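Next up: the structures, one after another.
In what comes next, chain A is part of two complexes: it sits with chain B in the first one and with chain C in the second one.
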Partner chain A sequence: MKTAVQPPPVEPADRPRRRIDGERRKVHTIGRWWWALPGALLVIAMHYGATAVGGSFAFTNWSGIGSFEWIGLGNFERIFDDPTKLTALRNTLLLAFGSVILSNLAGVVLAIGLNRVLKTRYLLRTLFFMPVVLSPLATSYIWKFIFQLDGPLNSILSGVGLDGLARPWLADPIWALWAVLLVVVWQNTGFAMVIYMSGLASVPVEIEEAAAIEGASLWQRTWHVVLPCLRPAIAIATTLGLVNGLRIFDQILALTGGGPANATATLATEVYKQAFSLGNFGYGAALAVILTVIILTFAVIQQRVVQGRPEV
Partner chain B sequence: MFRYTKLSALREIGLWLLAVVYLAPFYVLIATALKPDSEVFSTSALAPPKSPTLQSFSHVLSAGGESDIKVGLANSLFITTGSIIVLVLLGSLTGYVIARNTRRWSRALFFLFLIAIVLPIQLGTVPLYISARTLHLTGSAPGMIVLYGGLLLPLSVFIYAGFFRGMGTDYEEAAAIDGAGPGQVFFRIVLPLMAPATGTVAILTGLIVWNDFFTPLIFLGGSDQQTLPVAMYYYIGSLVSQWNQIFAIVILSMIPILVFYLVAQKRFIQGFAGGIKG
Partner chain C sequence: MNDLRHLIHPRKFLVPAAVAALALAGCSSSPSSDSSTGADGKTEFTLTYSKSNNIESPFETLAKRYMTTNPNVTIKLEGKPNDSYGDSVRTQLQAGNAADVIETEAGSGQSRSILPLAEAKFLEPLSDTVTKTIPSGSESLFQLNGTTYGEPLGISYAGLVYNTVAAQAAGLTAAPKSLDEVTAACGKAAAAKKSLFVLAGSTVPNAGITSLIISATRVYADDPDWNTKRTSGQTTFAGTKGWQDTLQTIVDLNKAGCFQKGSEGAGFDAITNNMAKGTSVSFFGPLGSASELQKAAPEQKFVAEAFPPATAGGKAFGVASATYSLSINAASKKKDAAKAFVDWLADPAQADLFAKASGGLPVSGLDQQDLSTTIYAGVADLLKKGDYTPLPNSGWKSAGVYDALGTGVQGLLTGQSSVDKVLKAMDAAWDQ
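Now for the complex of A and B:
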């Protein structure tokens, strides 16, 4: 770029940007701005462009072939008049929040349990983290078997004399959703645990020791010393968990396919069903708009709540 | 101060018991996959196989068409590797420019990428599908690489930008003073120094691509070119309660990633814990 041929202008308005020392010098080493161009264009087209076009479908009755009409908010009215879609909305929120709360609680307990001195802590960490790297689809099939009427869970229940509780879990309109929730929590706990373990590693030993010497109990140390240090970890784990939880799809398709009678349908599975199985692109897009708005809203709220870290 | 006490021993035993319960599903998985057809229905779901056999595995491996596991495995490997290469190259270049530039447009660009991370794919899927079909990119593995290159780029850029910000510019300046051009500085100095970031990007995005089900279900739908999860989905869809075969295919689909995880588990876990914090 241009070198300082003429003396820099002296107007103070330009001050703030110039404040960063050595910016001029750095100009030589930052590469070229157009290096960012392919990536930027790709993301603008594939994320923003596609989302905008898809969003505009939501106001049409397009079925994938032929012409379509603009029908305004018609699709949205149909969604909010349809009890099955409201169930899907409720299920989405319940699974997202339920899985975030439960897997973070379990994750923080495991992380504190595995913190320091244990001889096999790294081995245990590897084991508890294992479900995270496996495909949600594949692990869901294992759980589908476990929840069968003649499956392992019911065998165990009748083995300990609780025959009365045995049921076809995934075919039960009330229990199916909780079974799905259990699978999601099982799969995500290791992730939360790892985030909290690295958060705990940043708690200075001296402070904890000092608190212990002053006579603070284990509980007090955890609550007043450790947890405040975990705030950033909590922010990351919950934000990511929530965003992923709201998109939940694979587990539903493998475990229940949305059934019985739509009892476990979520927004993501309804979008898939409407747009890709039934060809109702307009209606499916309207559902996807609702999903997108919910995700963006919660992501923004979450960022506001945990101020000071602009990153996800 | 924090020494190994009786309480620690108790904690350790408790956590091991918990781990056994936590991983019990894998016992069921392996035990059932090894059962011959006759035992699947006649024995308890918890019983170990009486006469273990690999016949389910050979059944699964002989399937063809859209549920061909071997094709699925090859495609998954190809798509995952290709996507990682694209995401590392594009992501590092873009992340570098964003991190090293203090202008306003570069900050705006950063937020553009940041928001795109949480933007769900569902809304854009239909337009993307139509575009891909027009360009003959549906039903093809290279098309999937293009798709993932765009879809996961925000995550890659975000991770790289975070790492670049934490790295001083001394080496770059030294190289520039010695006469290296911007391209040389980047590919011979900066990128090699960024090996930890590249590892994190490769592991996180590779895992997402490898395990992804929704995108290939749509974009490869109806073709013979499937990825492992979709081939598994189709194969299982054709079975009714053949749990030994279902679990054989589930195990086959898990082996590559499990081997990788157990070999590089420290990098995996650090990738998750560190990469996401940036």
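Now for the complex of A and C:
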């Protein structure tokens, strides 16, 4: 069998090459950097500029209307001196991490459970994903009805003889926060499930089968084969979940309004209350700056932790 | 270096800059001019107001009457939820898209109050016709530097809105006149599977006004200038026995089972439902809301009653003031039409129109009114003798103080807070 030897590529003659370069340059010179200027300016002005201007109000005493004065770090000092704001910070972190952990655990379990075997998996996937596409505000009002003193939850408890457990769940200083967490987890689980299902689709069946033939148990296959392949999915699901959890707002506003007596207030609800309800825009902006810094910090840390392991 | 020169060459910037300037000029609006009346001779403007239920608001009644009198005028009504009304109006005023005519409140203690909005130049000065309608002694609540920015719409009495039909069903023959009678009435109502009071404890406005109504007898009856003293730093909430008694009364009422079950988590819907169904006998609030409830539940009968003083010999005292008002958006393009509407309301012929529509009282001449046969019979003496204070928070420094009170009351109901803590939080909010 002969192999055809290709002649080396002939270098084009000097003149035609120069012509091509000239044409390329001509094409390049048609496009100018300032063509992108309107778009770039819009992005800078409307996104980063507006954010920076809004953030600068954190150093003022602006009431949201009228004039203002620069007060340096005064707003930040007030925040860290106010126990209710520290409670809001604690609630923010609890809801964020609680919702990330629980909804991701539930999501990965559902994704594995509904990945291959079940015949009804398509229907179940749709049902579990449904809460994600529904309006958080609308579903929260339904949950509010469920949690009411004369609502279905307490009726069920009374029906099974657990009258003692019936209570106004959303007005209970201990249970209100857990009720909010439950609603958030219920709404976020479907999203995590879908991400993990897409991750599972990328797990090579051959490797799983090879591991099984080698005698690996189900747990060993899950831990050593499936989960490493899911690492990108975990990174996406937890990062998005954490960011969404840190800025949780709709559900709290609809369910409790931050009550009872600030027991479920978060930084996001405090930003809204201070800036728009009480007319302390500068103070609200300072809270927003703190919330932004927290979100950025945790998002970066989480990305490093989940994605940072180098390939061997 | 060549690249840098390329970047900073002035001509390179001139073209896009000119284009941007032209584009911005195209976007900017022309100098504001009044466009009240269209080419077809018809006039249209917007009126925004707060509402707590779906029953026809007195503002709707006013608008309908004006449109009937002036067929060429159309008033577009924008009812907003009461608990977020102030926020919505402030945001819209700031954004420049607020309604032409706005429901405001006298004084400075609320996010919808006239004075801070006028200071920020969001409100249009009103005419002398309107100024004449301000009750004597209440000028400081409607005027800033001698200019009027709010039109008082009527005297609103705030106290107990009492359902006599529900009371009779609970075996209560008369409204309680002392704290002991209140406690006894709570027991009777509970025995009849009702509550003496319905409280929307999760809402700052209702939890707040409940405290204010009780404070009338405990704070303002003996010291009508308490707000002035607090402003000058001569007193504090935490250091005033009357305020301690006020909040302690709420704690005691809660312990005695006077509020409906789950009151700490209840919203305004609880008030509407319980009062309309007769499952609660009364609630703390403005009597204007009684006329709305009466339309929804004609089989019930709602009247005004006063909350009794702390001691048997204590002075009966109520809360009544020209709380509701109308203002004109300074950025309105329909100022002429809006002013015509506001002036029409100020005319003596229409002076008590809002009062009638809202079940309130006329702005002036209260001492000459015969209220003995009206729903105000229970508080007729108070109103005739002038034994009432304006809504206390209308003279407070900021909305934050009232928020601290409303939030604190919810904390008292759930056991999260104490009387002293709430009062200190109010002082802290005042001093910020």
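The criterion applied here is as follows: the second predicted complex is superposed on the first by the 266 of 312 C-alpha atoms of A that agree within 3 Å, B and C clash if a C-alpha of one lies under 4 Å from a C-alpha of the other, contacts with A are read in each partner's own complex, and residues count from 1 in each chain.
Following the convention adopted for this analysis, a contact is a pair of C-beta atoms (placed from the backbone, for glycine too) under 8 Å apart; a residue touches a chain by one contact, two chains touch by 3 or more.
As the structure is a prediction and not an experimental result, all values here were calculated from the model.
Student: Please tell me which partner, chain B or chain C, touches more residues of chain A.
Tutor: Looking at chain B versus chain C, the one contacting more residues of chain A is B.
Student: Should A:I65 be classified as contacting the first partner (chain B), the second (chain C), both, or neither?
Tutor: Once the two structures are laid over each other on A, A:I65 reaches chain C alone.
Student: In the superposed arrangement, which partner chain does A:Q148 touch: chain B (first), chain C (second), both, or neither?
Tutor: both
Student: Based on the superposed arrangement, let me know which partner A:R78 touches: chain B (first), chain C (second), both, or neither?
Tutor: second
Student: With both complexes overlaid on chain A, does A:D172 touch chain B (first), chain C (second), both or neither?
Tutor: Only chain C; A:D172 stays clear of chain B.
Student: I'd like to know which partner A:P260 touches here: chain B for first, chain C for second, both or neither.
Tutor: Only chain C is touched by A:P260; chain B is not.
Student: Which partner does A:P38 contact after superposing on A: first (chain B), second (chain C), both, neither?
Tutor: Both partners.
Student: Tell me the contact category for A:G98 with respect to chain B and chain C: first, second, both or neither.
Tutor: Neither partner.
Student: Go through the superposed model and pick first if A:M130 touches only chain B, second if only chain C, both, or neither.
Tutor: first
Student: Go through the superposed model and pick first if A:F276 touches only chain B, second if only chain C, both, or neither.
Tutor: both
Student: Where on chain A do the contacts from chain B and from chain C line up?
Tutor: In the superposed arrangement, which is not itself an observed complex, chain A uses residues 38, 148, 150, 276 for both chain B and chain C.
Student: Within their complex, state which residues of chain B touch chain A.
Tutor: 1-4, 8, 11-12, 14-16, 19, 22-23, 25-26, 28-29, 32, 44-46, 90-91, 93-94, 96-98, 100-102, 106, 109, 112-120, 122-128, 131, 147, 149-151, 153-154, 157-158, 162, 169, 172-173, 175-176, 182-183, 185-186, 207, 210-211, 213-214, 218, 221, 228-229, 232-233, 236, 243, 246-247, 250, 253-254, 257-258, 261-262, 265, 268-269, 272-274, 276-278
Student: Considering only the defined contacts, which chain C positions touch chain A in the complex?
Tutor: Within the complex, chain C contacts chain A at residues 12, 16, 20, 84, 86-87, 90-91, 93-94, 111, 116-117, 119-122, 201-203, 261-262, 264-266, 398-400, 403, 407-408, 410-411, 413-417, 432.
Student: Can you check the complex and tell me which residues of chain A touch chain B?
Tutor: Interface residues on chain A, with respect to chain B: 17, 20, 23, 25-26, 28-33, 35-36, 38-40, 42-51, 53-55, 57, 110, 113-114, 116-120, 124-130, 132-139, 141-143, 145-146, 148, 150-152, 155-156, 186, 191, 194-195, 197-198, 205, 208-209, 212, 232, 236, 240, 243, 246-247, 249-250, 253-254, 268, 271-272, 275-276, 281, 284-285, 288-289, 291-292, 295-296, 299, 310-312.
Student: For chain A, which residues count as touching chain C in their complex?
Tutor: Those residues of chain A that touch chain C are 34, 37-38, 41, 63-66, 78, 148-150, 168, 170-173, 256-257, 259-263, 273, 276-280.
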